[in-house]
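Shared between the two complexes below is subunit A, which pairs with subunit B and subunit C, respectively.
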Partner chain A sequence: MAEIILFYFLAAVTVLTAVGVVMNENPLMSALYLVLSMLGIAGLFFLLQAPFIGAVQIMVYAGAVMVLFVLVMMLIDINKDEEKFSGGNISALFKGLTVGVFAGLLTSIILRTPMSTKILVAQQATEVVDIARLLFTKYVLAFELLGIMLLVIPVGIVALTRIRGGTHER
Partner chain B sequence: MSASLMIGQEHYLIVSAILFCLGLTGILLRRNMIVMLMSIELMLNAVNLSFVTFSYFQQNLEGQVIVLFVMAIAAAEASIGLALAVMLFKKFKELNISFFEHLRG
Partner chain C sequence: MGSDVFEITVNVVKMLLIFLLMVQLVPILVWVERRGSAFIQNRFGPNRVGPLGLTQLLADAVKFLFKEEFVPPSSHALLYYAAPVLALVPGAIAFGGIPLSMPIEIQPFDMFGSHWGPYTFKFQSYDLNIGILFILAISSLGAYALLLAGWGSNNKYSLFGALRASAQMVSYELAMGLSLVGLLMLYQTLNFSQMIELQKGPLHFYFFGRELVVPFLPNWGIFYQPLGFLLFATAAFAETNRLPFDLPEAEGELVAGYHTEYGGLKMLMFYIGEYGHMMVASAVMTTFYFGGYELPFHLSDSLTTAVRGAFTSYNMGNVMAAMALFLVFLLKVLFFLWVFIWVRWTLPRFRYDQLMDLGWKTMLPWALANVLITAFLILVGGGGVL
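And then the complex of A and B:
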C-alpha cells in the first residue's frame, strides 16, 4: 500500500513540477522546478529498485547539470524575457495539435500493448556489481567510446569559446 | 490487495509519456534558449524512466546500462548547448530565439 501512495505522490510531484518548468516565465524558477522534477524521477528510480541509477540521477542531473544551468544564467542577463512564448495563435494551435496527436499516439500504444501483469517474484534491488559486470564485458566498446566523447567535448567547448567573430573571419 | 490496484508497467510508462509530451511542449512553445535546453533534459529524463521501467519489469539489467550512457551523453549535450548559449548571448545580447533570424557569420 505504501508503494502505491509513494508512486502517486512522486508521479504528481514530477508531472506538476514539469508543468512548472514549461509554464514559468522566469528561467531561474524553471531551473528550480526542474531540480524538483529530477528528484521526483530519482524517487521513481528508487521505487523501481534501481538505487544506483537513482543516486547517479541525483548527483549528475540534480547536482552537476542544474548547477551548470544556474551558473550560465548568472552570466546572462535574464531579467527581461518578453515574448516568452512563441508567436501567433495559429502557430500555437498547430503546436498544441502536434503535441496532442503525439500524446494520443503514445497513450494508445501504451494501453494497447499487452503488458505482462504478473508480479515479479524476486523484487530485490539491483546490485552495482551486476551493472558493472555488464558495462565492462558486453558494452565495453561503447564505454570506451563514451570516454573518447567526454575527452572531445571539453576540447570542443574550449575551441568554441575561443572563436572570435563569425565563421568567415579568423 | 487486489491485482488491479498494483502499480504496473503502464503507470510508469504513462508518467514517462506525460513528461515527454511536456518537454515537447516546452521545445515548441518557449522561446528562451535555456528553457528549451531544460525541456530537452526533461524529455531525456522521460526516456530514462521508461528504460528503467522496462528493465525492472523484464528483469533485464541492460536498460540500466543504457540509462548510464544516456545520462553521460545528456550531460555532454547540456554543456555544449550552454556554451553555445553563452556564445550567442555574447554576440546578440539576447537569448530569445526570435532574434536569431540572422545567423550568418
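And then the complex of A and C:
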C-alpha cells in the first residue's frame, strides 16, 4: 500500500514538474523544474529497489549537469531571452508535432520491449558489484563507446573555443 | 520502518533525534568557533553572557528569531525563500545515513500487557547498501542552495558568490569522489557498517601471499590511504566553503557573497547548512579513515562488555553499550570539527585561480594516480588486503 502511494506521488511529481519545464517562460525556472523531475525519477529508481542507479541519477544529473545548466543560465540576461521564447502559431505547430512524434516513439518502444526477459536482466544488477561485472563483461563495448562519446564532447568544446574568427579573432 | 507499533515509534523518534542532534550541535559549534578563533588570535571572544559565554548561544538564537523579516523588493520571492531551506535539507538527509554507533539488539520483553518481539535497531536514520554513494549524491545538491540564494536575491555580490560557489563545488566534487575510490577498492564495499567492521583490530593485511601485522597501529583506513585522506580532507574544506576555500563569501571583495541579502532565521539556516555539511564531512572522514565508532584494536569490545556488565537488564546494557560507542564516535567527529575551525583561523584565503589550479591540476591528477597505484598494488600484491 505504502509503495503504491509513494509511486503515484513520485510519478505525479515527475510528470507535473516535467510539464513545468515546458510551460515555464523563465528558462531558469524550467531548469529548476527539471532538477525536481530528475529527483522524482531518482525516487522511482529507489522504489524499484535500484538504489545505485537512483544515487547516480541524483549525483550526475541533479548534482552536476543541472548545476552547470543553472550556472550558465545565471550569466545570461534572461529577460531578453524570454521574448524569444514564446512563439506564434507556426512554432506551436512544430512543438505539437515534436511532442506527438516523441510520444509515439516512446510508446512503441515501451510496447515492443519484451518486459518479462528485461526484468530478469535488471534483477541481476541491483548490487554495485553485479552492475560493475555486467558493465565490464557483457556490455563492455557499449560502455567504452559511451566513454568515447563523452570524450568527444570536451574535445569538441575545446576545438570550438579555439576557432579563430568572429569577435574573438586573434 | 518496522513491523509493529513499538518498532515504528522507536524508528521515528530515532530519526527525529538524529536530526535534532545535528541541529543542536550547531550553536555549540558556533560558540566553539567564536571562542576558538579568539583563542587562536589572542582575544577573549564572547565571555560576558553566562559562564564562559555559553548562554551567548541563547541570546543569539533569540536575536535571530526576532529580527525583522525583510525581503529585497527586486528579489525572486520563491527562490529567495527556498534557498535557505535547501541549504539545510541535504546535510540533514546525508547525516542520517551514517551509522553513529553499533546496532542495538533488543530481546523479547513485556510492556503494557503485551509481548514485544526481538528487535534490532540501527543507530542511523536509514541504512542503504550504497551508503557513501548516496551521501555524496545528496551532498552534491547543496550547490543549489547557494545558486538560488545568489540568483534569487538579485544582487551582484550574491550572484558572484553563487557563481564562485557552484564552480568550486562542482570542481572539488570530482577530486572528492576520486580520493575515496582507492579506499573503496580496498574495502570492496560501499556500506558504512561493513567498512567499520573491517577496521577492527591491529593493522594487518596480505601482501604477496604473506600476512603482515603491525601490532602498534590500529587497522584504520588512513594507514592504507594517507594520500587519499589528505585529498579528501582538502576537498571537504572546499565542499563546505570553509576557509581557505571560502571565496563564495569572501567578505573583503563580495560583502558576504551569496547570503548578503539574508538576515535573521534565514541566515541562521545557511549557518546550520554549512555546519551540517561540516558534520557530514567529519563523520564520513571518521567512518572511512578512523574506524568509525570503534575504538582502536579490540578496546571497543572490552568497553561494551564492561558497560553491559554494569546493567542487570540485557536490553538496558545493550542500549548503554551503544551509547558508549556513540560517545566515541562523537568525540572523533568533534575532533574533526575542531580541525575545521582550527584551519579556518590559521590559513589565509586562496586566490580564485589558485583554487581552480589546486582542484583541477593538482588534486585531480594526484587522486587519479592514487587510484591507479592502489589498483595496481591490489592486482599484483594479491587482493587480500584487510
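The rule is simple: the second predicted complex is superposed on the first by the 118 of 170 C-alpha atoms of A that agree within 3 Å, B and C clash if a C-alpha of one lies under 4 Å from a C-alpha of the other, contacts with A are read in each partner's own complex, and residues count from 1 in each chain.
The working rule: a residue touches a chain if its C-beta (ideal position, glycine included) is under 8 Å from a C-beta of that chain, and two chains touch if they have at least 3 such contacts.
Since the structure is predicted, the reported quantities are computational estimates derived from the model, not experimental observations.
> Identify the partner contact of A:35: answer first if only subunit B is touched, second if only subunit C is, both if each is, neither if none is.
second
> According to the contact criterion defined above, which of subunit B and subunit C contacts more residues of subunit A?
For subunit A, the partner with the higher number of touched residues is B.
> With the two structures laid over each other on chain A, which partner does A:102 touch: subunit B (first), subunit C (second), both, or neither?
In the superposed model, A:102 contacts subunit B only, not subunit C.
> Touch test for A:4: subunit B only (first), subunit C only (second), both, or neither?
Only subunit B is touched by A:4; subunit C is not.
> Check whether A:141 is in contact with subunit B, with subunit C, with both or with neither, and answer first, second, both or neither.
A:141 sits against neither subunit B nor subunit C.
> Between subunit B and subunit C, whom does A:161 touch in the aligned arrangement: first, second, both, or neither?
Once the two structures are laid over each other on A, A:161 reaches subunit B alone.
> Let me test your reading of the model: by the given contact rule, A:52 touches which partner, first (subunit B), second (subunit C), both or neither?
In the superposed model, A:52 contacts both subunit B and subunit C.
> Applying the touch criterion given at the start, work out whether A:90 contacts subunit B, subunit C, both or neither, answering first, second, both or neither.
Touch status of A:90: no partner.
> Look at A:68 in the shared chain and tell me whether it touches subunit B only, subunit C only, both, or neither; answer first, second, both or neither.
both
> Which residues would you name on subunit A as touching subunit B in one complex and subunit C in the other?
In the superposed arrangement, which is not itself an observed complex, subunit A uses residues 52, 56, 64, 68, 75 for both subunit B and subunit C.
> Would you tell me which residues of subunit B are touching subunit A in their complex?
That would be residues 1, 3, 5-15, 17-26, 28-32, 34-35, 37-39, 41-42, 45, 48-49, 52-53, 55-59, 61-62, 64-65, 67-69, 71-76, 78-80, 82-87, 89, 93, 95-96, 98, 104-105 of subunit B.
> Can you check the complex and tell me which residues of subunit A touch subunit C?
28, 32, 35, 51-52, 55-56, 58-59, 62-64, 67-68, 70-71, 74-75, 127-129
> Subunit A touches which residues of subunit C in the complex?
These residues of subunit C touch subunit A: 79, 128-130, 133-134, 136-138, 140-141, 143-144, 147-148, 150-151, 159, 162-163, 166-167, 169-170, 173, 188, 190.
> Within their complex, state which residues of subunit A touch subunit B.
For this pair, the touching residues of subunit A are 1, 3-4, 7, 11, 14-15, 18-19, 21-22, 27, 30-31, 34, 37-38, 41, 44-45, 48-50, 52-53, 56-57, 60-61, 64-65, 68-69, 72-73, 75-78, 81-87, 92, 95, 98-99, 102-103, 106-107, 110-111, 115-117, 119-120, 122, 126, 130-131, 134-135, 138-139, 142, 146, 149-150, 153, 156-157, 160-161, 163, 165-169.
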